[in-house]
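As written, the chain order gives the labels A, B, C, D and E, with residue 1 at the start of each chain.
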């Protein structure tokens, strides 16, 4: 794939400009609506220059303990990410290394945990968490999200582990290292891009999830997504506040994209080529 | 002061919504704690999914929430499930304090199940008609209307008039309206035809009731909405389609009220919880533009006064809460719905939808909120809404079937109504008739008896 | 105590047997090279010694102790892998340190050992680089360094040079040789490159299809190959082979006949294979009576030498001659085989007929 | 037992076993509960209804019910639209952003943002765009003389509107994976094709695409699993309407379980859909892989 | 019409110039090898000829036509890439077919061409395999086949053998040679392996750091290197080099002195470098008066030959002797340099002093 000629470059840039406009328009909408006064929210033609108001953000934080909800989201997302990436890596490593005819069945079973419609298990989870007193705690969400995140991590990480040459592990074992130490000091560090990719996906999923967060939390562990949605009431949708909240919720994702783009891109193919 | 803090140490949590009935209260619960020592925490959730949470909460033995926000039609379901504490005795005991007599009676009836008061109104609703008074008083329009329909243009008192006027005011961009050329289409009316959360049924049921229909067969307790009146009502509703905005199939409550709030429709009937917005320039452009909105009771079939259609957004107490918590919760409800509090909300600004006679009839407030008069008078003769344990089945099935009918996917109204009724009946039939009959019996509220 | 003994060692993968009862003794301090074509089982054998593969049958001992079920880390061996297996996320120093950690030595001892090894291998200026920042030869040396710091009793090498280019290969080969001389450790070295085998080995083990074909010093396997396989495998260009038959005490192949050197035992009429190395085919004077006519088909100039593709009667052979003596393709010359350097094998079994 | 065999066993015990236990522990109760529910007449909202064992009745109802089949078909329709468009668009954009031009890194980064947004918020944003009358989308269309389109309020468009939102959110995922794969392709075959003079289309369809196939299959695999469960966007945008034009499996299950409170029917529908998706996905991808293997 | 001419061709990447004004003429049908160490600009030069890189300056013509701005596909060249660049997902047949597609030939013609090429390269039984199912040598042949089917006027090869093991390399080298003889196509061949260069080339172009160092036949560059670079680069083991000075008409280096062959032009007191190939250092009789004392430091046995690391006075040198004549390390022998084979270079410029 060689360097395009000027004419091709112009074509590429034009197409990309169109694509960017289309793909970024909703994002722009979130940002602009979050600082637009309510009465002109839907004004047409849309005002590109308007008196910027911070009232939606102020409302967001004064009408709800939004800061606390963000913290909850963070705790839940980080907790589930850490647990899932840890567990998922272990499982993926085993599936990558064990040579056994049933290992694919195990892998499929793990993956199928992600295929079950979440709606069907909301009530059982509610009951069990209520029974053990975990309802409305971040731990409940961490557990539930992990059941979806672990399979994803296993799927992604397996590809990465497949790429780590076994010779390195063998070298370590000849040098005097046991199984766990070899995994911890050699294999895992080398699959670091995979960890990053898995972590990003787990985080994003946990951070964004709505259904379980709605059902399994109250004021204590409510997450930011639910809080934002709560501006959708029986008689009105508070667009300004929703957009302000959406923008805040968007930030970690964007930070991740900006910082991990390279790893994400690399990780995804490595993981999925297999 | 110490003696007053009788609920010191009690913690109450309310499973609530992010709605005016709650949001005005949430920031000032500290005042209640000041008074009583009870800590109150209101969790606000989106309306979609809230009932799911309440049911799940109600189905578990150890409550997480002592206070439940209740949309009045849920009362039957929650009541039959035993989820809500009977407030009758408490209300009777504190009748004086809460000004029981001051509350529009239908609002109390609205919150009863089998005569028991299960929730206390925090926002009282009525279905009423809003119209562009400035258009109705425009000389040209009046003359044209008279010429075309043979009677004077005024807020519709019958559905037939409603349709005439809707049809009359439906204009295309470029047409003239009240002497001005329209830049965009103008709609005669804006009705919600969306199936989401049964919105279409909220528009259909008042019409159906006005046409003389009823939900249930009084003999069997089964769904009876396949009669002539029901079909006519559905057909009538469909006849409004041409004067509705083109997106009628997806018009949810807020979208529909939006047309009125922006002054883009001549007529729109809806719940009074949003009527208040028409008086607030910050929320509704119609007020900002200086257009005048008129308020009228919902039309009837024959123009004679007829029972209208009510609703309430209320607070209930989880029946599984401890006695102490229940007492505290009751104290909170009293505090949060007291006349003083409601007046405070009304004076503060847009306020919640009021349900106290003293407030609705207050001349100062009536001046501020011109629709108070209609709200008050309409409720005097009102009849409560559907309150059945299978309320959600009705709303959902009819929502979908009517929506399909309006979309043209179902040929006839009868077919749509029959499908919906059958779906409801298939679930009801397994119950003994005696039980079904009890469910449809609107026993007068105990608290209203002396 | 670092002699290695394999007694009837067998390796099976499922139903497939890839190493068939290998018997081998490696003395302490010996440099043994496992040589053989691709897929013959060299790596498998080495990995069994390292403990990276289980021994299916037979007995493997190191320093007199049976190690069949011992974990690799407990065998006291160090291994240099084909593609180095350096830890890419660690610097050179960390790679070496990592190999020493399990020994739980004092920091000062660790540092000294690493410094010494780095010095020997000329790695001192590279200690803070990562493998990706090193050239192939440098990586090779790091891999050796990582094995050396542990001062193991046994060194195992699996084709350590196969990824290097020719020049580097020569250089690193020298270093390995010198290192062995200096440390005197037992070495088991796998390769399929015979130059490496010849220059490094005290003893060469030639394997073929999971069997040991011949064990001997480089001179032995070069000068006295026990089988046609060894004969053609060792030496480049490969030994010329001619099928023939013993007739009246001479070896006769279509159009050619030779006297049989005394060291061979043949019987009349036996089908034999005759082998002659290209360098033992000499250009003869045109009037040499005992010489043969050979037509030069292709000439390859190599600088010092040249290779001539010859057609002698119906046989195609290669001769290696000094570059100065090379002739144009198409010409016919006379050549003479150095009869003292002839090899004779049984045509059926491929075994040497030497006594 | 040899050391390596022991080691294998230890890998299982130390690495796989805890994961299996953890997943089992966290899912077994909900699964069993859902399984138990699926054989029962269980109305969560109406405790007075006897919660009796009904055998396979719930499954029978699900499998014979028009709405379920309708939801199944709608789900597949939606999957077909979204997956195919995401594939085409994702690959197309990936081809653009992997050109050796300035600023491509930034473009790639920007294009990834939609993927990071919560699906409910994606729903909200698109609701904002699709709004009848209010929405900006129709306004923009009117600028170029099109529309208005009743995006989420007409039975003709609603499913497409859902699809567009989903495509907007997940095309970046396909784009990202494809771009990475493209960059890892070795450049020499392309140079060879340049020397040979093969046309661009030839090179793309016969060299690039076949090499991308494994990655694309894998990306589509992940997408298919999630697309089958699509819920949030529809929950926000249309709740299954208008009429029943966007009623997918998840919404059917939701309605059974949380509107009609027929938890048993909802659970049965969940298991039916789990079986359908896992069977279909395995069959489809196995056949793809086999196709590849037989050629190989 | 397939001669290639480079006239003062320059290649710059941004500010860095990597090819500095190369002048080169390749006649029709000639086999020219570009030889040089890694990074010297061989690939860059080749790619400019192919059209895969733009020429920064100068003129490049093929068959008399300036092609500087011609697209690769219009130059009538075919290229065999270092790592083959086969389409991994296509069978051997499809790989060839794909190369022919742009010609829009009839199906029957295509089939015939492919069959013929496959026949020549011995690929016929492999036509339905994919690259992954082929051995390195087979892949190599497919890569050539893909180039050949197009019957180009010019063949370009970029280190086509560098991924092969020694044995295969020899074999494929032969095939390339034969092929060239048969087809008579112009060939430009890049390598850094001198054996390939020596055996294949009609003409060798030795490059260094983007400059052409010497152009000549294999014999010329081996026997008459124009610079010390060429002298040490060609030949293995490398030529021994000694720094010295001209004193009284002789070349003197610490402890050694030689007469200067007549073909060199030197001036008194000039600093010179003397070169002698290892094979030109012969073991002399112990009583040979003109010989030098040499201590054997290391001996490497190679089968036919052996390499001796010698210390002669303060100089370290390598000698290549017949294996039979090898001596144990540690012994001191006497050696004699073949004075006729001495090379003399100016110590400053590194240029030969030959007239």
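The definition used in the following text is that a contact is a pair of C-beta atoms (placed from the backbone, for glycine too) under 8 Å apart; a residue touches a chain by one contact, two chains touch by 3 or more.
Note that this is a predicted model, so its numbers are computed, not measured.
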Field: For chain C and chain D, chains touching each
entry: A, E
Message: On the document's contact criterion, could you list the chains that touch chain C and likewise touch chain E?
response: D
Task: Using the touch rule from the top, work out which pair, A-C or B-D, shares more C-beta pairs.
output: B-D
Relative to chain E, chain with the most remote C-alpha centre: B
Intercentroid distance (Cα basis), chain E paired with chain A, Å: 56
Field: Euclidean distance of C-alpha centroids - chain B vs chain E, Å
entry: 92
Field: For chain A paired with chain B, centre-to-centre distance based on mean C-alpha positions, whole Å
entry: 39
Query: By residue number and range, which residues of chain D touch two or more other chains?
result: 7, 44, 131, 134, 191, 194, 258
- request: Return the residues of chain E touching two or more other chains; collapse runs of consecutive numbers into ranges.
  value: 52
Query: For chain B, what residues touch not just one other chain but two or more?
result: 48, 52, 56
Task: Could you run through all the chain pairs that touch each other?
output: A-B, A-C, A-D, B-D, C-D, C-E, D-E
Query: In their complex, what parts of chain D are in touch with chain E?
result: 186, 188-189, 191-199, 202, 206-207, 210-211, 213, 295-296
- line: So, in the complex, the side of chain C touching chain A is made of residues 50-52, 71-73, 75, 77-79, 81-83, 85, 87-89, 98-99, 101-103, 146, 150, 156
- line: Residue positions on chain B within touch of chain D in the complex are 48, 51-52, 55-56, 58-59, 77, 80-82, 194-197, 245-251, 255, 258-259, 264, 389, 392-393, 396, 400, 403-404, 407, 409, 427
Statement: As the complex stands, chain E meets chain C at residues 162, 165-166, 170, 174, 177, 192-195, 198-199, 218-219, 222, 234-237, 277, 279, 298, 300-304, 320
- prompt: Okay, in this complex, where on chain D does chain A touch?
  reply: 7-8, 10-12, 14-16, 18-20, 22-23, 26-27, 29-31, 33-34, 37, 44, 93, 96-101, 105, 107-122, 124-126, 128-129, 131, 134-136, 139, 168, 171-172, 176-177, 179-184, 187, 190-191, 194, 214-215, 218-219, 222, 225, 228-229, 231-232, 249-250, 253-254, 257-258, 263, 266-267, 269-271, 273-274, 277-278, 281-282
